[in-house]
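Quick one: the structure is below, and I'll ask about it shortly.
Letters A, B, C and D mark the chains in the order given here, with residues in each chain numbered from 1 onward.
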Amino acid sequence: MAMRQGRGVAAVNYPTGMNLGGDPTQALVHSTPTGNFMVSLSSVDLGQGMKQIMAQICAETIGVPTDRVIVDTADTDTGPHCMGTFASRGTHRAGNAVIAAAREARQVMLEVAAEELEVNASDLDTDGAGNIHVRGAPQRSISIFDTALSAHFKRGRSISGRGMFLIPRSYPDAETGAMKPSTCYAHACTVAEVEVDDETGEVNVLTVKNIFEIGRALNPKMVEQQLVGGSWMGISHALYETTEPYYPSREHGGRDFNEYLMPGPGDLAQTEVIVLERPAADGPYGAKGPGEMCANPQIPAIANAIFDAVGVRIDTLPITPERILRALKANGTENAGLVAH
Amino acid sequence: MELRKEYFADERKDDLKEIGQPRLRSDALGHVTGTTTFFADRNLPGLLHLKMVRSPHHHARIRAIDLSEAGRHPGVVRILTADDVPHNVYTILTLIQVGPEDETVLATDKVRWKGEAIVAILADSERAAHEAAERVKVDYEVLPAVLSIDEALAPGAPIVNEYHGQNYYRYDSGESRKVRFGDVEAGFAGADHILEQTYGSGPIEHAPTETTGCIVVPEGSGRYTCYTNTQAMFFTLDNTSIILQMDGAKLHMVGGTVGGGFGGKVDVIVEPIAILGAKLTGRPVSFIYSREEEMQISSPRAAEKLVIKDGVMRDGRIVARYVKAYIDAGAYSRHSPYGAQKSAAHFPGPYTVPNVWVDSHCVYTNRTPSSAMRGFGVTIGDFALEVQMDKLARLVGMDPLEFRFVNAYRDGDMKAHRQPTEGAALIECMQEAARASNWPVSEKYLQMSSARREG
Amino acid sequence: MKKVPVQFTLNGEDKAEFVESGATLLKALREKIGDTSVKAGCQQGTCGSCAVIVDGELRLSCLTLAERCDGAAIETTGGLAHGEVLHPLQRAFNEGFATQCGFCTPGMIMAAKALLDGNPQPSREDVVEAISGNICRCTGYEPIIQAILAAARANSLSAA
Amino acid sequence: MGLGLKTFPTLAAAGEALAASATARYLGGGTLVVRSANEGDVRFDTYVTASEQALTDITVADGRATIGAGVTMARIVREPALGFLAPVAKAVGGAAIRNMATVGGNLFAPVPYGDFAVALLALDANLDIDGQPVAASTFLAGRDTTHARALVRSVSFALPVDGTFKFAKASRIRPKGVSVVTIAAVVEERAGTISSARIAYGCMADRPIRAPAVEMALVGKARTAEGIAAALAVATEGTTPPTDAIASAWYRSEVLPVHLKRLLLSA
């Protein structure tokens, strides 16, 4: 018996948003009488934290703390249209819509504050803590609380804004395939180390070092959640997952979490995540969509590491112990080989 | 997690107050106290349970359906068949003009995959629905089935889906979405080595802990409130409106708190039939996939087959890349024509290759329809591309990481789909990977930049 | 359908309900009593989302008949906080970003509580073993393991 | 029609109820039968269970252990006198399942489940069925036929000599995973050679089975790589492993000798 170690690398990119565009999202923002802000959307939070991120984006844009923003989403009676949460589009598309709506609302807010302070709105700024002041003269200020009260009960202004974000649809050229699939791309590179049992074909993923470039980490802890969870799913795809283990046979498909295989808490690789930020020109505060891309590079990195360890190429997913063992028994000739000609 | 701020520092202002802050999630308090309301977390008096009777065959003609015994079973309130569905033949991407309509909400004369929905039982209890489902008698004439991409494309193969007329999706570009860039044959002719390899994958399930489902409540106003875990509220509303030929103003979708999606909840499958049930019975209806249905009935990530042929020079430059991709859509389109198209746009990966030829096919088989999943159209392609890159590096005797530096795309490089590269960062990711993993890489690669080419 | 009376305590409160004979504890808690912190993820016993503590033992409410819990003391995540004061596990899951979609969280917290109740200072291996019957599809488990270890540390500090 | 639960004070009374109704099922820990009901199995409408004390008793005396069929895996793990079985019980399910799953249920668990039954087979256990002793091997052979509706009160076996019981379960997922192959062995040695061996497999047929060819090939040999070589050569004799979502028959056959070798050579 021998446990043989190997290391592999893979690098990928990933488009943000629906392929070829044409996927709009809208947002509405308004203030309450006491200067809290409501974001109305129909975007869906799948667990990635859409509600929290939209609150932070709105707060940043208006100039208030995040806990003064409420996100009301995914009720078609109250939220304007969103194409949906898929294709790494949520943060990018809805975030841009929220920025547009929040900017418009901020402008009204500053105009009301300007009337109260008897200055030009263009001379005003927010301190991020709930106040509006004259730029360069912080003592000349009014709270957003008072500004909202004034807007509602004195000046008859609606502190509100509408936001819409749409990347126009691109139509591929039938002959050449010329098209604009996406406006920005996230990037990743993963180095994986594995240990392969050459008598059973079992693989332990020892370490994965993931480098992700995601435009901007809008909330680093939430980015970390996505990336760590995605890295686990990548490993899972590489070695475990399929609904039909003997595809194209339809027999023996998993019906439960015992039969549908995914790494358990005792199978975790030592995982490192490093994030780079190259802001996207059209991203909300530069953000791109990291949610899908983060689960991709581990798969080929592990496949390459297995080759490095035991010299067999498994070119069919998932890379099960059986596929490795069959290849080992065939002296590494299964699937393999560099067919140079 | 480590944020490496030194990369691209000049392209970024780090003076924001809320953005970039690790604020606690506003929804997490509800999660840890068990008070977050998921769609199923509501009790409604008079709730009916919907249970689907499904095909046991991969491909069969339905000669007759006998509902007499099931209809009489205690607790059964109504049984829905295709005749009850106003617009029974639909396709989900109709809203963005991707046709043809090719899928039945409830089967009429044929079933095209094992698990296809035929009739829906609405009963007072899950038990009664299960008992009645056992009493539905369907007379099938079993037909030859096509279960793999190769079988589907073989001459004389049985037709899976008559709405297409052939076992692949027909784009305006023909049997595949094409990308043609440079002269791939000339590239191969001038290459030092050529490597052609075939890659594959089986279907993969999203496996969210919360299964797909919805609860529909008929309101006194004549409207229908549908509590759903769809990933796309209006997509669901609008498709339901089409399928039920019901004014969208009558529909009210409430959702947005989903127990995991990963792409598995963008098909509009449960809502139309549950709303129809609520309409025809006047009672609230719950249609929630069992775990087994989630695993085997809900759309998986497609199985794929990819053939990649590369021409490479001794110095490591890839001079030609030819890709034939085949996406196993299963019996119906759902989102697969879109996915195959996204796949075509993705090749040749994050590398600058002067000569590229891509044909991406969406193929129909008598299998569970596949659809979107995290990394749709890209995940399996990236697996194939990056294993191929490793093989190419070894073929020319280069370090696999250095080989990628040689070919990495940079700002301004023209991509195969004829968009100039912008905002590239592959090189910097690889530089950081080399550092973090102590992977020895020649200094010249560590000096590279995505923003500009040397010299 | 025959209804049978069942009495038990839920998070310290007396409950008495008529349930259908043969109904699971999961259904009784969610549909009769209205404790929807208990989630139905598979109803097969393979995901752990419905885990509750019955008389000090972790159990799957989807495979437990309600009428067999007559007289039992049942704990769920829905009753773990005292007003606004969170249980150390709840605090650790929240502050440790150990929840994403949140669907597995109540069952995961019950599995963790069953562990810490009997083993206040578990090793990482103990934690891994304790949550091994609970599926999480979002986090990759590591943040959950860390949160449980953090809660154990917080417990030991407050006990000291 | 719905489901119902009937609880009887004795196993005998429960047995009568079961005999009287083809649509009744015995309810042990619930991990098999309640799951079936949840998944829409309408072939039964009544759960029958018994509250007899013997079902949850554990007695260890005079070198023999008797375990009630209703004893859970978690109880086994906690029982000091059955320490050698703790790794077996811990191999079943996760923490919650172990608090529910019973010894009796495990005897009926279909492949790829039933790891505890593999150990009982290696221990040459006897089952108490209607007061009659039935060898575990006999019961398992007739599990789908003569004993399909048997009610097991308890299992009993001679405690193995310290250090002679060995158990291994290969699975894809850690720490809780379904079996690829499970092996239990009681191997006694005298003066450096194997004097007796009982080997049982899980997932190498449609139910736990003994490996008589291996047992024979081990007796008289040293427990060394060379000594066990002949046994490993016949490791798969008489096996008909299933193909399922976890592993194929081919894979199970290939790795069985590897796991058997590792188990036999383990300290």
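Basically, a contact is a pair of C-beta atoms (placed from the backbone, for glycine too) under 8 Å apart; a residue touches a chain by one contact, two chains touch by 3 or more.
The structure presented is a predicted model; accordingly, all values stated were derived computationally and were not measured.
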Starting at subunit C, how many touch steps does it take at minimum to reach subunit D?
1
Averaging each chain's C-alpha atoms to get its centre, pick out the one most distant from subunit C.
B
Identifier of the chain whose CA centre is least distant from the whole-structure CA centre
B
Counting only C-beta pairs in contact, which chains form the busiest pair?
A-B
Distance between chain centroids, defined by C-alpha means - subunit B, subunit C (Å):
33
When the centre of a chain is set as the mean of its C-alpha atoms, what distance in Å lies between subunit A and subunit D?
47
Expressed in whole Å, how far the mean CA point of subunit A lies from that of subunit C is 30
Chain centres from averaged Cα atoms put subunit B and subunit D apart, in whole Å, by 42
Residue ranges of subunit B touching at least 2 other chains are 25, 27, 125, 207, 257-260, 262, 290-292
So which stretches of subunit C touch two or more other chains?
1, 42-44, 46-47, 97, 100-103, 128-129, 131-132, 135, 137-138
Which parts of subunit D, given as residue numbers and ranges, touch two or more other chains?
2-3, 39, 174-176
Viewed as a graph of touching chains, is the assembly arranged as a line, ring, star, complete set, or other?
complete
Which residues of subunit C touch subunit B in the complex?
1, 30-31, 34-44, 46-47, 49, 76-78, 80-81, 86, 89-91, 93-95, 97, 99-106, 109, 135-138
Which of the residues in subunit C come into contact with subunit D in the complex?
1-2, 4, 20-24, 43-45, 48, 51, 57-60, 62-65, 67-68, 111, 114-115, 128-134
Can you check the complex and tell me which residues of subunit D touch subunit A?
170, 172-178, 243-248, 250-251, 254-255, 258-259, 262
Please name which positions on subunit C make contact with subunit A in the complex.
42, 44, 46-47, 97, 100-103, 127-129, 131-132, 135, 137-145
Any idea which subunit D residues touch subunit B in the complex?
1-3, 39-40, 42
